[in-house]
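Both complexes shown next keep chain A, but they swap its partner, so chain B is in the first and chain C is in the second.
Our next item is the complex of A and B:
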C-alpha cells in the first residue's frame, strides 16, 4: 500500500471517529438538542388545514368522539391558529383561536361560546390542561418550544423497523407536569415515532405512539396516533384527515368574524 | 294566548316547509339537531314545585340562495300550569359578502366584557320570569332585528336596527309593590299597565358598536339609541292615578380586556343619558319622576391556577347630580365571585357563584353542577340561595336533564 493510500484511510478513520465526515451522522455527530431542533424545525408549510377526530376511550372501552376543523398559518412573527368544533352536538359552534409569537411574548387566546354569543379572551397559561377531555395537553399538541427543555441523546435503536434516535428532554421549568419525556425520533425523517411522558415523581404517565404517517404535498404528516395514559388506562386516538398545506388563507380567517360565523 | 300560539304554529310550520322545499335539489343537506329538556325547579321557601316543564327544541341550518337560514323552533309544555306553547325562539337569515355580513330576523346579540352583569349588553331585554336560570343566556329575550357587520381588517363595525321595541319581562306585581313602598303610595292605588309603544319608525331602536381583537388587548366602543326596557311610574297629582310609560335611554360606552400571565383583566363602562327615576318629592316633581344621567363601570379579573378558574367582578352604578329623594341609591355597588373547576375529563363541571349587592347587603350563593353522562345526555343542577339580606326572590333549586339527538 502506497503512503498516500495509507494516509487517506487514516484520515477517513479519524474523521469518522471525530464525526467530521459528512456521509453518515452518528450519535457522536449530533447532539440531543440538534436532533430536537430538526424535529421542531421540520418543514410544515406556511399554512395548513386539517380535520381532527379524537376518539376518547376509557378503561371499559367506552368511546367518545370529538371532531375539529383547524386552520393554521404563519404570518412572519405571528403564527395564527383557529379551531372550529364540529362535534359532539353540545360543543358544536364553539371556536378557539390562538396567536403565538416568535419572540418570547405569551400567546393570545380567545374562545367563542355560542351559548353566550361572545368572543372571550382567555389566559394562555393553561398549556398543561387536557385538551377537550383528551389525554393530550395543549403542549402535547405542539404548543411547546425547543428552549423549554434540555435535550440529551440517550442512544440509537431500531423501533418498528425504523432507525431512531432516543432523546431525553427535561423541562427547564421546575414544577412542570412532566419530570421528563423520552422521544424516539426517526433518523433522517425528524419525526417522532414514540414518546414517553413521566410524571413529577418520575413514574411513566403516558405513551404516545405514531401509528401512521405519510407524505402530503412533500411534507411528512402523522395521520394516526394514540396517547395511552398508563396510570388511568385511558386512551385518546387522533385521526387526521383532509390535510392540505400552503393553502390560500388570509388573515381574515383568524378574526372575531370567523370565530362567530364558523364554517 | 291562543291567538299568539296559533300565529307561532303557523310561522314555525311555514318556515320548516320553506326549508324543506328550498332544500330540494341543493347539494349541501340541512343540518338538523334536536334537544329534549326536562326542567324541574323547587321553591324552598314555599316548599313546593315552582316549575315542571318539558321542552322540545330544534336547530335547523340550511343554505338557501345566497345565504344561510337558521331556525330554532321551541315547543314547551308546563305541567304546573297545564299549558303548552310553541314559538320560534330564534330564526334568521344570514347573508355573507366579502367584507360585510347581514343577519335578518329574530336573534340575540351580546355586547361587552362583563360576565353575568349588565353594563352595555342592553340590546336584548331581560326575561326575569324564568327562575332559577340554567344558562346566563336564558334570562334574555330574542329580538327581531337587522344586523349589519362591516369588517375593517380584523376590526368590526356592527350596526343594529330594531324596528319594534320589546320590553323586559318581569313580575309586575312585585315591581309595582316595591315602587309603591318606596314612594309611600297607598296600597290600594290603581296602577295602569304600561302602554305598548306603537310600531312606527320613530319608535325603533338603533345601536352601533366598533370592536377590535388585538395582540395586546381587545376593545369595544358602543353607542345606542334605545328605550329603557322597564317602564317608569308617573303619578297624576289630581287623580292620584298611576300610569306607566317607557322612555328613551341613549347611551355611549365601551369595554376592554387584556391578558397578563394567568390573569385576564376586564373593564366596561356605560354613560346613559336622561334616565327617568321615581322621586319622593311631589312638591317639586308633581308626577313623581326626575331625569338623571347614569354612569356604570365594571372591573373584573379572571385568574387561572391549575384546574381552577377564579373570576371576581365589581360593578358600580352612579346616579349623577343626585337628589336625596330619588328612590334609587346614589351608588349601587355589586360584587360577584365565581370559582370554577372541571373534573372527569371535563365531563363534570362545578361552579360556585357569589353575588353581593352591597347597598342592600344581599348575598346570594349560586352553586351549579353539570355532568355529561354521555355525548347525548347532560344533567344540570343548581341552587339559588340567599345567605344574607332582604330579597326579591325565593330560595330555589333546579334539576335539568337534556337529551340531544
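Our next item is the complex of A and C:
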C-alpha cells in the first residue's frame, strides 16, 4: 500500500514536471525556441524569382485567381519585393512593390495602376491586415521575429509520414490577433509542415498546410500551400512555379520606374 | 356509451377529478420547465419558401446581418472630448458582447477613412484614440465632412448625433437577451448625451418580450371580466368556478402540450389564452344553464339524475359546437407559416380540451360540490324580449333584407380599401421607447430599415463594366430623391471615393471610373490597402452580383413595395434590363412573410366557409341549411373587412386572426338556431310560434355567448399593442354582428321561404 502511494506521488510529480517542462521528457536536447530559431534561420537564398498563383476560394467555391511574377532580394537592412500582375486580364500590368525593414519601421508599399498611369503609395499600417484579400496576414507571410512569441515544444509526432516537432508559440503582445499558434516542424529539415492559428478567444481560426515542397538550388522551397480559415470557410491557395534563387538583379529592379515599365 | 361514461364519472368523481388534475399538473410542469419564447423573427418564416431561400442565400453571400443601432446625441454637437469618449466606450463595450463580432461593430471610432494625399491612397481609422486638443477635434470634423461615405451615415449632418451599428454574429442570437445586454452597456451613460437604441433585432426582441408581458397583464383582467359575466349569468359561485376551471385548465393543456412537444411560444401564440378563455366558456354556460333551468323546473330531481340529464341532453351540441370551432382553427393549418399553423393547432386542441373538461370536469365537480342552489327567478324579462324580437323580425322581413343588402354593399366598397401592413413598428404604441428611438434615428440618419437589392449580370465580371455601374449610380440617384428613402449604398460609392482620392481629391472625379480596367484595378487596390471584407458586402466573388442597400425611413409594406416597383421599372428601361433583380434582407422577408400570412388567412377563411356549408349541409341533410347557416358568417366577415377598410385599419398578422374566430364562433350560432328551429318546426307548431319558441330558446343562448365572448375580447382594449386593441373591438363587433344576423336575417329568411329541412317533415314527430 505504501509503495503504491509513493509510486502514485512519483507518477504525479513526473506528470507535473512534464506539464511544465515538456522538453524534459520528450527531447531534452532541444527547446521550442531553438527549433523555431532553426526554422527562422534556414537559408532561403538572398534573392528569388518565381511565378505565383494565388487562388482565393470562398465558402461557395467561387474562385478568384491571380497570377503574379515576383522578384525578391535582400539588401542588408531592407528586403525588397516587386510583383507584376499577369492575370486576370483587367489588372494585367498592375505592379506592387514592398520594402520591409529589418528594424521596427513599418513597410513601404507602392502600387502602379496602368489604367491610371500613376504610381501610388499605399499605407501598410497593420501587419495583421490580410494581404490582398487572402487568408494570409502580412505577418503570416513574412517572418515574424522570434522574440515576438514564447515558444514551447509540446511533443514530437509523425504527420503525413514526416517526423515532426510540435511547437506552441504564444505572442508576447497581449492583444494580438492570435492567442497562440501551433507549428509542426519537420525534423532536420526545419521547414513547417502545418500550422494552426487560434483566435483571441482560443478557438481554432486558420490552418496552414504545406502541401508540396522540394529542393531548388539546394534550398527547400514550399511550392504549394493552403491556408484555410475554418471559421469563415475561406481558403487561399498559393502555388509557386519557375522558382530560381540567387538571381542577377540589382536595386534598379525595385524602383517606381520598373513598376511602370513592367516586365 | 356516453351514458356509461357519465355513470362512471358520477360514481368516481374524485378519481376523475384527480386524473384531470394530474394531467394538468403534468402539463404545468412542462410549461414551467420547458416553455421558451421565440424572439427571432427569421424562425417564423418557412425556410423552404423560394423568397426566403433566396434572401438567406444572399444574406450569406454579402454578409447581410441585422444590426442593433445605437444613436448618441448631444445638442451641443458631438465634437467634444466627452461625447467622443462616450461613443468610443460604448463601441468598445458592445464589441465585447456575446453574439457580436467585434469587427462588425462600426462607428466613427472604428470606421476607416479612405483618403488620398501626395503620398498615395490611405485607408486609415478616422480616430486613433480620442482627440484632445481643439485642433485634433477640428481635424476629425474636417475628415468627416470631407467623406460622404461617413457623413450622414455615422455622423448626422447637423453634427449632433453619432451612430454605432452592431451586426449580429448569426441568426440564432436571442434578440431580447442581446438587447438587454446592450441596455446594460448603456446604463448610466446618458447625460448630457441622449442615447437611443433601435434596429431590427431590437424591434423583434421588444415585440417578443412585450407580447407575453402584455398577455400577462391581459389574462387576469379577462378572467375577472369572465367571472363577473358568469356570476351575472349563473347567479352562483359554483357554476362560475366550474366554468372558469374549464377554460383555465384547457389553456394550461394547450400550452403544456406545446411545451411538451418542444414548440416555442411565438408572439401570436400569446393570443391563445384570451381566445380559449373567451371561447371555452360557451360549453360551460350551455351545460350549467340547462342544469339550472332543469332543477328550477323540477326541484324534486335527484342530483345524479339532474347531472345525467344535463350530459345526456347536451353532449351532442357541446361536441358539435366544439368540433366546429376547432375545425375553424384547424383550417389555419393551410397557412405556410408555422406560428400560424401552431396557433390554429393549439387553439383547436384547447377548444377540444375545454370540451373534455366540460363533459367530465363539470359533472365530476358538480357531484363533489353538489348542485348549485336553486335560485328563484322572476318571470324572465329576456324571455319576453326574445319573444317580441321574433314578431319584430318576422314583421319586418323586407326592412331586414334591404338593410342587410345595403350594409353588404357598403362593406364591399370599404373592403376594396383594406391595406396590408407588414410593419413591425406599427404594432407598437407611439410612446413606446423603440418607436421614439426609431423616429429619432430616421430623422437624423439614413433610415433604420434596409432593403437589399441584388443585381445579377448575365455573366461573370460584367459588373466591372462602367456602363452598368453608371446605371446603378443613376438608379441610386433616383432612389435617393424618393420620399421615404434615406440613402443608398453600393460598390459605386467605393469606386467614386477611390477615384476621387486617387485624382488629388478633385470633385469632378467623384464618379464611376471610365474603364473596366480602372474599375478592376481600383477594386484590387482597395483589397490591398483596405478591408476586403467591406467589398465582399457590396460585390460578389465573380463580379456578377452586387448588393445595393437602400435605407428606408419606415418598414411599411407600401413603401417597400413602391421602392421595389420603382427599381424594377427603372431597370426595365435601362441597359440592365436583362439582368436579374432580387431582393433580400429582413425588411423584404418580413413583407413577403406578411403576404404569406394574409394569403393563408384568406385561404383558410374561404376553405372554412366552404367547410361550414358542407358541415351544416350534412348535419341538417340539406344544402339550404348549409347556405342559410353560413350566410351570417360570410356577411360578418365582409362587414369586418369593410369596417377595416373604411376606418383605415390595416390587415396585419394580428387583425387577420379575426376570420378564424368569426367562423369558429359564428358556426355555433347557426347550429344553435337551426337545430332549435328544426326541433320546433318538427313539433308541428305554426310558423310564427316556431319562430317565437326558437328565438326564446336559442336567442338567449346565442346572446349570452356573444356577450361573454365580447366582454372577453373587449379586455384587449387595455393591451399596449394597437393591433391587439383593434382585434379586441373588431372581434367584439363581429360577434355582435354574427349574433344579430343569425337572429334577424336567418330567421327572416326561414320565415319567408319556409325551407323543407325545418318545416318539410311536419307531423312526423321524433324525440
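Criterion: the second predicted complex is superposed on the first by the 234 of 263 C-alpha atoms of A that agree within 3 Å, B and C clash if a C-alpha of one lies under 4 Å from a C-alpha of the other, contacts with A are read in each partner's own complex, and residues count from 1 in each chain.
The working rule: contacts are C-beta pairs under 8 Å (C-beta built on N, C-alpha and C of every residue); 3 or more make two chains touch, one makes a residue touch a chain.
Every value quoted in this text rests on a predicted model; they were computed, and no experiment measured them.
Visitor: Since both structures carry chain A, what do chain B and chain C do when superposed there: clash or fit?
Guide: They clash: once the shared chain is superposed, the two partners overlap in space.
Visitor: Thinking of the overlay built on chain A, is A:252 touched by chain B (first), by chain C (second), by both, or by neither?
Guide: A:252: touches chain B, not chain C.
Visitor: Please name the chain, chain B or chain C, that touches the greater number of residues in chain A.
Guide: B
Visitor: Counting only touches as set out at the top, which of chain B and chain C does A:154 meet: first, second, both, neither?
Guide: neither
Visitor: Answer with first, second, both or neither: which of chain B and chain C does A:106 touch in the superposed model?
Guide: Touch status of A:106: first partner only.
Visitor: If we overlay the two complexes on their shared chain A, which of chain B and chain C does A:78 touch? Say first, second, both or neither.
Guide: Touch partner of A:78: chain B, not chain C.
Visitor: Once the structures are superposed on A, label A:133 by its partner contacts, choosing first (chain B), second (chain C), both or neither.
Guide: Touch status of A:133: both partners.
Visitor: According to the stated criteria, A:117 is in contact with first (chain B), second (chain C), both, or neither; which is it?
Guide: The answer is first: A:117 touches chain B but not chain C.
Visitor: If you stack the two complexes on chain A, which partner ends up touching A:94: first (chain B), second (chain C), both, or neither?
Guide: It touches chain C, and chain B stays clear.
Visitor: Looking at the overlay, what does A:60 touch: chain B (first), chain C (second), both, or neither?
Guide: Second partner only.
Visitor: Show me the chain A residues, by the header's touch rule, that chain B contacts in one structure and chain C contacts in the other.
Guide: Residues 56, 64, 88, 90, 109-110, 115-116, 118, 120-125, 129-130, 132-133, which sit in both footprints.
Visitor: Name, in rising order, each residue of chain A that touches chain C in their complex.
Guide: 56, 58, 60, 62-64, 85, 88, 90-91, 94, 96, 109-111, 113-116, 118, 120-125, 129-133
Visitor: Note which residues of chain B are touching chain A in the complex, please.
Guide: The touching residues are 33, 96, 101, 108-110, 113, 135-137, 149, 151, 153-154, 156, 211, 213, 215, 218, 257-259, 261-264, 302, 304, 307, 345-347, 372, 374-376, 378, 402, 404.
Visitor: Using the touch definition up top, name the residues of chain A that touch chain B in the complex.
Guide: The touching residues are 56, 64-65, 78, 87-90, 92, 99, 101, 105-106, 108-110, 115-126, 129-130, 132-134, 234, 251-252, 254-257, 261.
Visitor: Note which residues of chain C are touching chain A in the complex, please.
Guide: Going by the criterion above, the answer is residues 61, 119-124, 461, 464, 502, 513, 515-522, 524-525, 527-529, 531-532, 535-536, 540-542.
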